[in-house]
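These notes concern the structure reproduced below.
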Amino acid sequence: MDRSEVRALLDAVATGAMSVATAEASLGTAPLQGFTDLGFARLDSHRGLRTGDAEVVYAAGKTTEQVITLLSALHGQRSGRPALATRLTDEMFAPVRNAFPDCELDETARCVAVGQLPVTTGSVAVVSAGTSDEPVAAEAAFVARTYGAEVHRVRDVGVAGIHRLVADFGVLDTADCLIVVAGMEGALPSVVGGLVGTPLVAVPTSVGYGASFGGVAALLAMLNSCAPGVTVVNIDNGFGAGVFAARVARQSARP
Amino acid sequence: MDRSEVRALLDAVATGAMSVATAEASLGTAPLQGFTDLGFARLDSHRGLRTGDAEVVYAAGKTTEQVITLLSALHGQRSGRPALATRLTDEMFAPVRNAFPDCELDETARCVAVGQLPVTTGSVAVVSAGTSDEPVAAEAAFVARTYGAEVHRVRDVGVAGIHRLVADFGVLDTADCLIVVAGMEGALPSVVGGLVGTPLVAVPTSVGYGASFGGVAALLAMLNSCAPGVTVVNIDNGFGAGVFAARVARQSARP
Amino acid sequence: MDRSEVRALLDAVATGAMSVATAEASLGTAPLQGFTDLGFARLDSHRGLRTGDAEVVYAAGKTTEQVITLLSALHGQRSGRPALATRLTDEMFAPVRNAFPDCELDETARCVAVGQLPVTTGSVAVVSAGTSDEPVAAEAAFVARTYGAEVHRVRDVGVAGIHRLVADFGVLDTADCLIVVAGMEGALPSVVGGLVGTPLVAVPTSVGYGASFGGVAALLAMLNSCAPGVTVVNIDNGFGAGVFAARVARQSARP
Amino acid sequence: MDRSEVRALLDAVATGAMSVATAEASLGTAPLQGFTDLGFARLDSHRGLRTGDAEVVYAAGKTTEQVITLLSALHGQRSGRPALATRLTDEMFAPVRNAFPDCELDETARCVAVGQLPVTTGSVAVVSAGTSDEPVAAEAAFVARTYGAEVHRVRDVGVAGIHRLVADFGVLDTADCLIVVAGMEGALPSVVGGLVGTPLVAVPTSVGYGASFGGVAALLAMLNSCAPGVTVVNIDNGFGAGVFAARVARQSARP
Amino acid sequence: MDRSEVRALLDAVATGAMSVATAEASLGTAPLQGFTDLGFARLDSHRGLRTGDAEVVYAAGKTTEQVITLLSALHGQRSGRPALATRLTDEMFAPVRNAFPDCELDETARCVAVGQLPVTTGSVAVVSAGTSDEPVAAEAAFVARTYGAEVHRVRDVGVAGIHRLVADFGVLDTADCLIVVAGMEGALPSVVGGLVGTPLVAVPTSVGYGASFGGVAALLAMLNSCAPGVTVVNIDNGFGAGVFAARVARQSARP
Amino acid sequence: MDRSEVRALLDAVATGAMSVATAEASLGTAPLQGFTDLGFARLDSHRGLRTGDAEVVYAAGKTTEQVITLLSALHGQRSGRPALATRLTDEMFAPVRNAFPDCELDETARCVAVGQLPVTTGSVAVVSAGTSDEPVAAEAAFVARTYGAEVHRVRDVGVAGIHRLVADFGVLDTADCLIVVAGMEGALPSVVGGLVGTPLVAVPTSVGYGASFGGVAALLAMLNSCAPGVTVVNIDNGFGAGVFAARVARQSARP
Amino acid sequence: MDRSEVRALLDAVATGAMSVATAEASLGTAPLQGFTDLGFARLDSHRGLRTGDAEVVYAAGKTTEQVITLLSALHGQRSGRPALATRLTDEMFAPVRNAFPDCELDETARCVAVGQLPVTTGSVAVVSAGTSDEPVAAEAAFVARTYGAEVHRVRDVGVAGIHRLVADFGVLDTADCLIVVAGMEGALPSVVGGLVGTPLVAVPTSVGYGASFGGVAALLAMLNSCAPGVTVVNIDNGFGAGVFAARVARQSARP
Amino acid sequence: MDRSEVRALLDAVATGAMSVATAEASLGTAPLQGFTDLGFARLDSHRGLRTGDAEVVYAAGKTTEQVITLLSALHGQRSGRPALATRLTDEMFAPVRNAFPDCELDETARCVAVGQLPVTTGSVAVVSAGTSDEPVAAEAAFVARTYGAEVHRVRDVGVAGIHRLVADFGVLDTADCLIVVAGMEGALPSVVGGLVGTPLVAVPTSVGYGASFGGVAALLAMLNSCAPGVTVVNIDNGFGAGVFAARVARQSARP
């Protein structure tokens, strides 16, 4: 219920078009609306209005049926942005494709978008350190694109051979936001952050063994980066990085 | 040495104005220049060119004399941006003021800026959960301003009384970037991130006791935020958040 | 052996109705009795007398046969309260239903109650942040009901969309005890604890990935809640929360 | 703004006693009020209404002046409950006593209450394992009393000599809520929780050395208690336990 | 090579019965002997002489063939003590029984002893908190018996029902050494250690979930026990506790 | 109240020498006695009877006055064993000496014994790895002696020069129990445990820096010792090791 | 592009043999070359030139096809050193053997070398504590050999029977570099480092259980070794130790 | 006692020049000698013979008197290498200089060498990331020089400005061993290790704050380095790195 609706309600009361009791009930409950109750979930139908980006289906731990139901509900709700689900399991690929024949489904990223992709506004470069970091980088790229950013990819440019990175300096320097994905010692964001001043979101991955502790080593390295202007998301959280970077890109490009 | 300088050099070789030996020496060493050797430190004089933001003096663990020497060197180097030092100790306040009478020095933020503050481009809102988080929030605000952002402050709006936060909804919604500072359970970024879609940098603080583990509880909460688009910096790292947010603000406002 | 039994025994000695040797033996062993030895387990048959709530079967790590044996023993022991088993595995569902055709078995909660459910005394509201927290919330609800509380459920009201929570403010405010279940950043108890003064038991879940560390992030957040009056149980411990809340509800409602 | 105030406002609009503009402004801002802005802090003046217990001053990290200012503001606000500050430092004792000559100040608990203590409703027993746990136990007791509970203390009853505990069985059994405070291995709550069914809040303390890790050993033990119905608060958090226990006691005793 | 052998060698040199070269070689290599090289392993054939207890086969991570080869080698080496293997896997049970038809094999303890069990000297009581701790307790009991101790078992006497423990006070008080096995909060050793002064070895188990962290909670509790005279072994290390306790029992009973 | 006292009581009831009411009261309270209430502490006066070793004063965190009061109470209670206090601070040395002129006070061990030392029964060898481990080793030695063991010391025999250890092989082999104290990598117990079969208590110390984590590295190494029969106590817990070793020595020497 | 190539280019410009534009382009891009783009990976073809050792295929997380493609590319690139892949899975053994019939494939080490092994320069001794450490030791040995070192193996010489180690003193003393592999308490490097002054690389393994925490106990012990001159690599990182030791051996033997 | 001494002894026995008893005593005790007993310490006088490098005084936790006594004893023992002490405190500087007027004492490194520095054999480059890492780098450099290496220093070349590092490529490439010192995210060793193939010892420092956890972030990053051939020592352990690097340099330069 926005401010104009409140004024309309008060006008109706003032003119007698609405009873005090009805108005009271509306005021009491209206701001509490804004979700669709599916029984097993309360879909936040207001999120797009509040934050500019609609709710997303996190498929891990859900049944295939729940994922399809939620995608349908989200898809039915809005027109300008596709419904998005992340962390699909192998078993979900075929049923989701059957349910939404026109969907965009990326098996590496484990993501699906149902509905027309938006026109891009601003650009995001997704840089990854090694080939094992690919699924996380792909998720970030898929989400950033779905949220409206043009996406560039720079792959396999770990710090043990920095010249591979320098070859793509131009991409790093002209993007509106960078997503830098690395496991193991997680040094790549520091090196990139020392080369360019583009806003940089670092994504630690769980790639590594022994004292990498499932990505903790990379996470700590990124949090302690000596390059200023590096921010960090959770281990393997390509989704969060994609959302954030797309928002920065979107507003960087606004006319 | 940028691309135009390389071309000038090659032209000089082609025309015989420069010997091959001189050209070779220049090409060999030029890209390696770009720092001022102060004996105890190598000041990165190229950083401003590469990243748009000059090197900064991290005063913790340095002597007052080193801090003043570095500030002088940085201040002498560039004109458009003040020289900045962070994490000043109590003992440094007076000598630094004596050395730079016109400086901007904030004792809560423990920061000093030497030289003219830049005209602001874009805006950053710094939101803090409790009064004990103030030093970190002040550092973030000081740095963001020094890096060219207009800064708004929202204080003491912890999640135990959310209505205090909602009162400043407008500030949150219209800023180009948010910095949300919180210790203890670190829940504030999730709540703010659920209300608005502005890019949000969360800063965990070491405020708390017992199982807060010096800010680890807040750090983990922020990394696991269920609100998409939340990125995180190191515990108590107001500086890093300020740099990042100012960069986002700067490019969000570019014409 | 309670105080009236001791007096009866002493009276019998004083009147010669019981020999000193018999009395000595009774006094020596009586307080040590109070369990049923099943060979592989010593069932604590006194627990109901001491604490008001009988011993419960924790099925994880036990065989189906052991679970059924223990349920039978408990069921045979007392009349006023059903025998309860938690953490049933998938394989136990059918055999347990066969053994106790009238049982109440909830597959989501993984709990079974054998025997008549008690009349409710007091009420408990179980609030959960996301759909993945459902199994833990269901366990808490099942146990609280079995222990005699009327139970209300509020689902999928995570802090990224707080209005979904506010819609159920009345339920939160009028319950005798709240159980708030959340994974990831575990912020929900702080928000709920800032809205109402009802005693609140927070249950962290292992829902999340990366730096959630199997529920540690949520656990730490809840322990550091800035809302006073929040207490916490072990990760995924719906059982413990249910017992505690039912006890608070029971005595809150006592006439 | 509660529900009756909304109705009054709507009535005024319906009868023309209030203009639509005024009503709109009130509705827009009223729910956002509810705090007193002291510059360095936003005192949550609604908390007492929402949760039944007013905001409290956490003195650690604040100046003596800030503590006195906040106590005055809280004391001026309400009549039925004293203003409370916790975690006072040694230096605050004298100035606080000077500022509030009639205050109740406990140097072991490091707490002060300004204003008349409430009549007690319900009872809380505070049980501590060792003499070193006394400050935390004293804080819990002070806060529980200030929040309206009658308080009983049982001291130095660590599990290495359980008979000391059994001597006070009656106190444990008849209280409305128990607070059990222990450091080192933190076993006392499990033993107490096996003896009685009273709701029990366990408080781990930082007492210990080496692998106690500042209270972590006790915290983990309490979270893993095999006695059902044990809940836990943060390490050394006597305040939180006191608030919670007083609430349980209060509603247990309601007529 | 003991002192009498050295003297014999020197006598032989002095009398010319042995050449200097032969003597030198013997002195150089003799102390270095004392193992049997099996290719994949160097069996320490001196360990029994040095420590009184022969080397043992830790089967985890070995093939069934290696386990049988090592058991044969150990069995062939000495007569007075059986060859022992621990941590057998399910697949090893049948082949080991086939290879050593007269062996003693305990499937719960996952241990096998090949050869005649020794006459007992001294006694060990193995006390366990819950039914899930049984495998670890069984390993401790099996090993203690194999190393020559008479073993008594007390089962399922967790601290949530202490009277079950007190029923076996006599066993605890008269043993030469106690092994106390517990998971979850690991409080049992503290309670037992407060009741009797018998040397006590505590064994934390990995039984539990959530914040038990695979036995860490129990381990920390036991290391921080407020009962003096409690020592601790690794999580689930029934073997180590059994060896240690049997040694204490053995020397306690020596005439 | 032991079994003979119960019989005497029942006889008195049977003969009418004692009323039923008196007997009931005695039975109800007798087992609950066994401590001296000093107000700030409940001195466990039964501990010596139960466990063979009286309660001990842990001085850390207590005032000098409390320590002297507790020593006096303990000293007054029993004759055969001195009253013991550990972890004295520097400030306590002089006042404690003044209060008990004949006491045995060791400033390195930070321990005092008030009263006649017992005749020794059995022997304990205390082995330490480096000079920095001396305070912990001294505490262990002091306590073992006070508890009745003859004590031998072997100092500075770290594994980087094993021949220093071998020089004292005889001491290690003939003691009734070993206490092995080491910081840093904590390897000494494994080496000693491979040489002799004497029961061995390992004490990790907080000596080290960086990744020693205040003794955690040594603690973990000792818990994972590949030498069987090594048990471990808390970091820096010389007291616990001393009590345990003295008990083993005592019963090893019993005729 | 090395220095002689730069000079040739400049000479060509000076003599007019190359245009300024061509020279500029070469200078701009040449240093950025040095990798082969395979689509899913950027093979660092310069690494051998820069560091003396070519890039290696880490097979974990890659498909068998990717591993074979990468091995072919590496093998085609250089002649003097075989192409190496580590961490092969069981499924890769047969296809890799089919693809490269002359390869050297070690199933214990899970490594393959394609191409002629180099002549050895210098020697490395690989010492392992137990039979379970064999796979890690084998990987270290395989890699060291592939990188050009002569390799000696000393197996199963854990510190619980040190004489087994002393038997191979000569091997330890004459090698150019030692690799010491151990799990559990990780004490072996300290003991070896106390015996000889040969450069020593310690490799912790994940062998152990409970508080070994997957190799953390061994890692910490090695980092805290009291023997100077011990360096450490990641848990189970036989590869890194092999590369490092071969480099030390290579330069130790250079004429 | 080395092999030639054993032969001489046996010859003396064979020729009757030495009695069997004398020979036996020598053989029995000789290998056990090799240390000087100073009461509070057993100085390992054989270490230089065994490992090529004499024992060193670790001054932390020792008194100034102990440090001087140990330095005198070490200095008196050998001629070719100076006596070395590390981790001197401020208070030790003057007394140590007084005791050894010709000593080499470096206050930044907190080290002293007493006696003639050896002629250098081989070279070590010590590279540090920031000015705060200087004390650790200085310790490494001092120790490497004392152990016989020529030392080159490269300072303040953190990865946020990599060109500063490239300027010293020649130094990195020609050294016999590298020591790379870094705090915060610890990325420098990976970058250096990708540029050159020189054996590289990484030293994490405790420089940083928040989630650097006193150097843990840097330690983990270095252990997980994607550049092969990087080994690691303990946090702030410049000493260990210096010893190791000097050994590698020494043997790399041997003729």
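Each chain gets a letter, A, B, C, D, E, F, G and H, in the order it is written, and its residues are counted from 1.
Going forward, a residue touches a chain if its C-beta (ideal position, glycine included) is under 8 Å from a C-beta of that chain, and two chains touch if they have at least 3 such contacts.
As the structure is a prediction and not an experimental result, all values here were calculated from the model.
The chains that touch both subunit C and subunit D are A, B, E, F. Per-chain CA centroids place subunit C at a distance of 40 Å from subunit F.
Subunit A and subunit B have centres, each the mean of its CA atoms, that are 25 Å apart. For subunit C, the set of residues touching two or more other chains reads 47, 160-161, 193-195, 210-212, 216, 219, 223-225, 228, 234-235. Applying the touch definition to every pair of chains gives A-B, A-C, A-D, A-G, A-H, B-C, B-D, B-G, B-H, C-D, C-E, C-F, D-E, D-F, E-F, E-G, E-H, F-G, F-H, G-H.
Of all residues in subunit E, only 131-132, 134, 155-157, 160-161, 163-164, 166-167, 207, 209-212 touch subunit C in the complex they form.
Against subunit F, in their complex, subunit H makes its touches with residues 31-35, 40-42, 44, 46-47, 55, 60-62, 66, 204, 206, 214-216, 219, 234-237.
Looking at the complex, you find that subunit B touches subunit C at residues 129-130, 158-162, 184-187, 190-191, 193-195, 208, 210-213, 216-218, 220-228. Those residues of subunit F lying in contact with subunit C across their complex are 3, 6-7, 10-11, 13-14, 16, 20, 23-24, 27-28.
Across the interface of their complex, subunit C is touched by residues 47, 50-53, 56, 176, 193-201, 219, 223-225, 228-235, 237, 239-241, 243-244, 247-248, 251-252, 254 of subunit D.
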